[in-house]
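Both complexes shown next keep subunit A, but they swap its partner, so subunit B is in the first and subunit C is in the second.
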Partner chain A sequence: MTELMEPQTPQWWKKADVKKTFILWIICTAVIGYVGVEFHVRNIVAPASENMSSIISLIRIFTWAAAPVAGLVSAMSITVLTSGRHYGDNPPPEADHEIRNSPKTTAVWIVVSGLLCLFALVGGLVVLQHDNEAILDTKAVQVNVVAQQWVWNFDYPNGARSEDLYLPVNKPVVFHITSKDVKHSFWIVQMGIKMDANPGYTTETAVTPDKIGVFDIRCAELCGLLHAYMQTKVHVVSQADYDAWLTAQAAMEAGA
Partner chain B sequence: MNKRLLGALATVVIGVAIIAGVGSYVANAKNDSGVLAATPAGTMDTPQGNLPHATLAISVYPDSMWRNKGKVAHPGYVSYGPVTNFEVPAHSVITMTVTNYDSGESLNNDYFAHVRGTIDGSATLNGVRITQISTHAVGHTFTIHGLAVNQDEMFVSVPMQAVAEENIPDAGYTSKPNVTVFTFVTGGPGDYVWNCEYPCGDGSIAKFGHAMSTMGYMSGHFTVKG
Partner chain C sequence: MTTLTHEKTVAPGKSIIERLNVVTALVLGIVSAIVVWRLSLAFLPEDADTAKIFTREDKITLLSMCAWFVGFMTGIGALVGPFRWLMGKDLSHAENMFLAGKDMGPKRYFRYTTDHKVVGIQYLFITILIFFLGGGLAMLIRTNLGHAEGGWLHPQAYNDIVGTHGILMIVGTIIMVTGPFGNFIMPIMIGARDMAFPRLNALSFWLIVAAAIPLLWGQFLGGITTGWSAYNPLASQAPLGMDGYIMYICIFAISTMVAGSNITTTVVKMRAKGMTWNRTPIFIYGTVASVALALPAFPVFFLSQVLSAFDRALGTSFYNTAAGGSGWLYENLFWLMGHPEVYVILIPSIAALMEMAPVFTRRPLFSFNVAVMGIAGISGLSVLVWAHHMYISGWAPLLNAPFMLTTELISIPTGMLFLVLIGTLWRGRLWMTMPLMSILALLWNFMIGGVTGIYLSDVPADAFLHGSMYVTAHFHYTLMGAGLTGALASLVYWFPKMTGRMFDKTLSWIAFWLVQIGFNVAFIGMFMVGLAGQPRRVATYAPTFSTANLVTTIGAYTIMIGMLVLLHGVISSARNGVKAPKNPWQAKTLEWTVDYPIPLENFDVLPTVTSDAYGYGKAKS
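Here is the complex of A and B:
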């Protein structure tokens, strides 16, 4: 007597909807990664410090690292939305992939997600910590930053004071930041540093400007009525120009 | 007419009316005191050359009772007047006269006790040249600053000497105000703001509440027009 042969179901990765999803995944990953990097990074300001260059590189890497995740979600969504609708009380037999309730799949998903998070955490900490090493540099330029609704002012070691920040190029600078009233946030946009200014406390951050030019300082903490106007400029100049400015400014302050 | 259509139309009309009502209320409540344009006053020699000259005269009061006989949202708020929005010409020299009727205390940031951003870094206080005043006798400051993007930088900050307590009457305003005059040069057209940097408001946070945090009292717009 001939045994009845059960129809063989193809392995799950050979099924049409899985193949379709896989191809869509590759396409979506490429599109999301490219568009994310190109549009995001292109809209970031040109860097004026190694710190900011590292941050931009990190954003580029993170975007590409996140692209496969977003790509998979997009691909699965497209597959689901474009598949034929099944009517009935029970799932169709073809939906019974081995991948459902698969401990291996769950483990892979958790491990890959965990590694991505760990990569983001370590990468971010390494980059953000890099310029803070200058805080320990005894030859670094020391600048006191005072925030007050809704202006900044800066004090230099020789007695010079200003409402615009002046810095020498290629020299580490340590900022000692405080506030006279509410919480503000000291943000040098093109240099990639942002630090809270808290009343009654002094916070520190550091940066090494590597480009001569004029850049933007903004308050990054909603601080009241004219918060949007709490902006000023940072002038990065040569060491000689910085010394000359510092001397003149100190003399002006002393004579004032 | 179809009932559904009528209902939809009524919803739209009521919605528009509510939005218009709220908008009108907010517009009326914002304390926008109007704009004071600088008065042309010939030309003046400055370090930047001979420039068109214009003047502005304003005052600082210990309250807002002077405005519309006190019929304002906050008659007790210290205030600048007659308005708090100013318009001055670009590439010109501006002379501002500020008459201060208010008393004061100590500044919390001595940076603002200095005259900054004026021609030669000075001003006159009751006719006497000054470059700074005591941090313990500051009534208010007039500090212009602004967005740093797409317009010339402008920072002018001048402290106003406080009226001595013994010269503050129980009612009305002192007959011995302090008059500060200062001159500065404007750049290209731009929209700036000004505010007082002496914490003369109220509230639990460094006295930067109330009058200091409400447009039309101790802050306003400063427009440089081309």
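Here is the complex of A and C:
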């Protein structure tokens, strides 16, 4: 009926502002996706474990998934801002329509945001499952981490102790973390793992370092006066170097 | 009037209410605090040698602060009414008129005045004050972090400033829309003569004033060195300043609960004839959703701090794992309040912008029902997401996946709010004013805040991002980029109704651009250092983070200049701005139907509503 009464009205996708928005949408999506990904990838630390690599992939995927939505909002904003601005102290004339809703648009919007939500959830769950299984690895190197204001102490299975962490490359490690005083948070920055150190509880997290080098450990939970200074290094070395260091350290510990 | 003067002259007939004001309150508060302090110093037993060293001092501090609180509230006149009720009497008509501030002039702003318009202005004043205190502290933080080796603040002072900035801004943003505009505008907008409980309204405001002193006092007792989240057991080893924080939160929580029940009752029971839920403006929905969310959230906050006070002063072990308590209990209680709270801040701001969108585009609000669904959906889900603050706490790793689900689900109702705003702008006539540009600024800022929220809601990515500057940047984008933007737009939009004068247009534009540009510069820089691995709340950092930190500091100073321009705009426009017509924006909500100055009880004849307030635009002929 409506079409019969208004034969002049073109279909919605043929209207000028829709076409303009569509082109802007593609441009905005590309720009936002590209800039968003590059912003994160260039600023984020270089990965030193598979955990960190998959975090960067997740950020990359989520950014591209969010880009069309952000692109649409931006494109529509640009379209409305570039057509029919009105300046002055008196209001502009009334708009030439009184549309109060559009069930189809609303339905599409909700379904698409639901699907994106599901997508983000599944992506997160896949990686999460992988991380959770790593904690159960009994063949992994077991290191006890004891936090106290404002130092880290590491205990190794053979009795060695240290304040700098030493790890063999490409071997799974499970950390058992606790605290002597207040809450701290054990963060190996370049390996993308973090777990709070709670007094009275032991918490676990796991990682497999895949690069030889020296990386940062920082406390990520405000823990009092010298929180900012509560940091140390992790030395990821070859298995042979690690074994040599461990023996020497244990001998030193026994001698002392 | 003559009878009133007559009563006054007959000694000793001057009612107790007429003698009380902010001066008597301050005097009585300070005197009670000093008396209780001296008494407890004299009579409280010494701690046993085995006890924690601070216990006795904590008791003395908390008792003195409680005495301040009771003394101040008595001195302002909050107890007169309840006391009369206990005696089986009530206030006389003349006394009620006096309380409402009838024919009193500027003095009513310094008394326990029940008129909702006075309370609204009082809230506006205290919100501005809190923002300038909190903002000043932010400038200290950013100056300290401007250069890697420039850590001129002692770490203890720095930690205190971070904590005080946090709690001041949280309180400031919670009250920034529902306080001034929820009190001043909302009753007129629904066509009511006043709030449902005018005395509770005055109570909620003066509680916030009473709360301020313990926080200030705490600054002289070692400060809040724990950040605003005040995690235990760090809080139990913190200096006496922590007791100031505890008292501040307890009193503020009472204020929020009082205001929340008042606003909810007013909206449910006192809407004008014909104002069905379909015709109720969307700003009202936002205000009610916000305070209704605060109703379950703030009692939990109150409780968490009471238990914290017990642990500190009485030696209990609610949060002490070694003695059978749990530090995770505190985190749960805190975030049970903490996550609904961010939506308490956000929803009224967005709803206010939704209210303005049809006015400045001259077309109906797009999808009123979707807007209501979005607000309801966010409110419902927001109480189910708190443990995403605890993904890496080790409390319940198995619950991480369900909390990731609820957190990501919030993006659906949030998307609905985006749809309503962008849908209303679409094919509208854009009236280029600061409130209209604020809608676009909100879309931009909240988009960045929302998308970065998706990374943070993801458990594996959060293992890297949690506790870093990235989180700080994210929540500033939501609370400030979205929340504050809406509040500033509300100020410009409702300024003519509140002061009778227009907000200076040029100044509003200058302030808008300085704040928005400064804001985006500051917090993009903060995202960068977060990704590079700088933790939150650190007094100093590695030299590799220098450049981006300097960028953030420059942005922060730009925001400060913008806010000072805005303050100048508020003062100069309120004094000598252009006189505003009754309805300068040609809006259709009820508050624009009353003349300035708005009389006591707002309406001579209560209005009847026959349609919603969004009947803009004209049908195609």
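Descriptive notes on the structure:
Basically, the second predicted complex is superposed on the first by the 229 of 256 C-alpha atoms of A that agree within 3 Å, B and C clash if a C-alpha of one lies under 4 Å from a C-alpha of the other, contacts with A are read in each partner's own complex, and residues count from 1 in each chain.
Keep in mind that, in the parts below, a contact is a pair of C-beta atoms (placed from the backbone, for glycine too) under 8 Å apart; a residue touches a chain by one contact, two chains touch by 3 or more.
The structure displayed is predicted, hence computed values, not measured ones.
Once the two complexes are laid over each other on the shared chain, residue contacts for A:92 go to subunit C alone; subunit B is not touched.
Using the contact criterion defined above for the overlaid structures, shared-chain residue A:153 touches subunit B, although it does not reach subunit C.
By the document's definition of touching, of the two partners only subunit C reaches A:113; subunit B does not.
After overlaying the two complexes on the shared chain, residue contacts for A:221 are found with subunit C alone; subunit B is out of touch.
The larger set of touched subunit A residues comes from C, when the choice is between subunit B and subunit C. Shared-chain residue A:181: touches subunit B and subunit C both. Legend: residue contacts after superposition of the two complexes on their common chain; A:229 is shown touching both subunit B and subunit C. When both complexes are overlaid on chain A, the residue A:144 reaches neither subunit B nor subunit C.
Contact with both subunit B and subunit C is seen for A:199 once the two complexes are overlaid on the shared chain. In the superposition on chain A, A:170 makes contact with neither subunit B nor subunit C. Judged by the document's definition of touching, subunit A residues 181-182, 199, 216, 218, 224-226, 228-229 lie at the interface with subunit B and also at the interface with subunit C. Interface residues of subunit A, counted against subunit C in their complex, comprise 17, 36, 39-40, 43-45, 51-52, 54-55, 58-59, 62-63, 66, 69-70, 73-74, 76-77, 79-81, 84-87, 89-102, 105-106, 109-110, 113-114, 116-117, 120-121, 123-125, 127-128, 131-132, 177, 181-183, 185, 187, 189-190, 192-196, 198-201, 203-205, 216, 218-229. The touching residues of subunit B, when paired with subunit A in their complex, are 108-109, 111, 114-116, 121, 131-132, 143, 145-149, 153, 155, 157, 192-193, 195, 197, 199, 205-206, 208, 212-215, 219. The touching residues of subunit A, when paired with subunit B in their complex, are 146, 148-151, 153, 161, 163-164, 180-182, 199, 216-218, 224-226, 228-229, 231-233, 252-253, 255-256.
Interface of subunit C with subunit A (complex): residues 155-156, 159, 162, 225-227, 231, 233-234, 237, 321-322, 326-328, 359, 361-370, 392-394, 397, 400-401, 404-405, 408-409, 411-412, 415-416, 418-419, 422-423, 425-432, 440, 443-444, 447, 451, 454-455, 457-461, 463-464, 466-468, 505, 527-528, 531-533, 535-541, 548, 584-586, 614-620.
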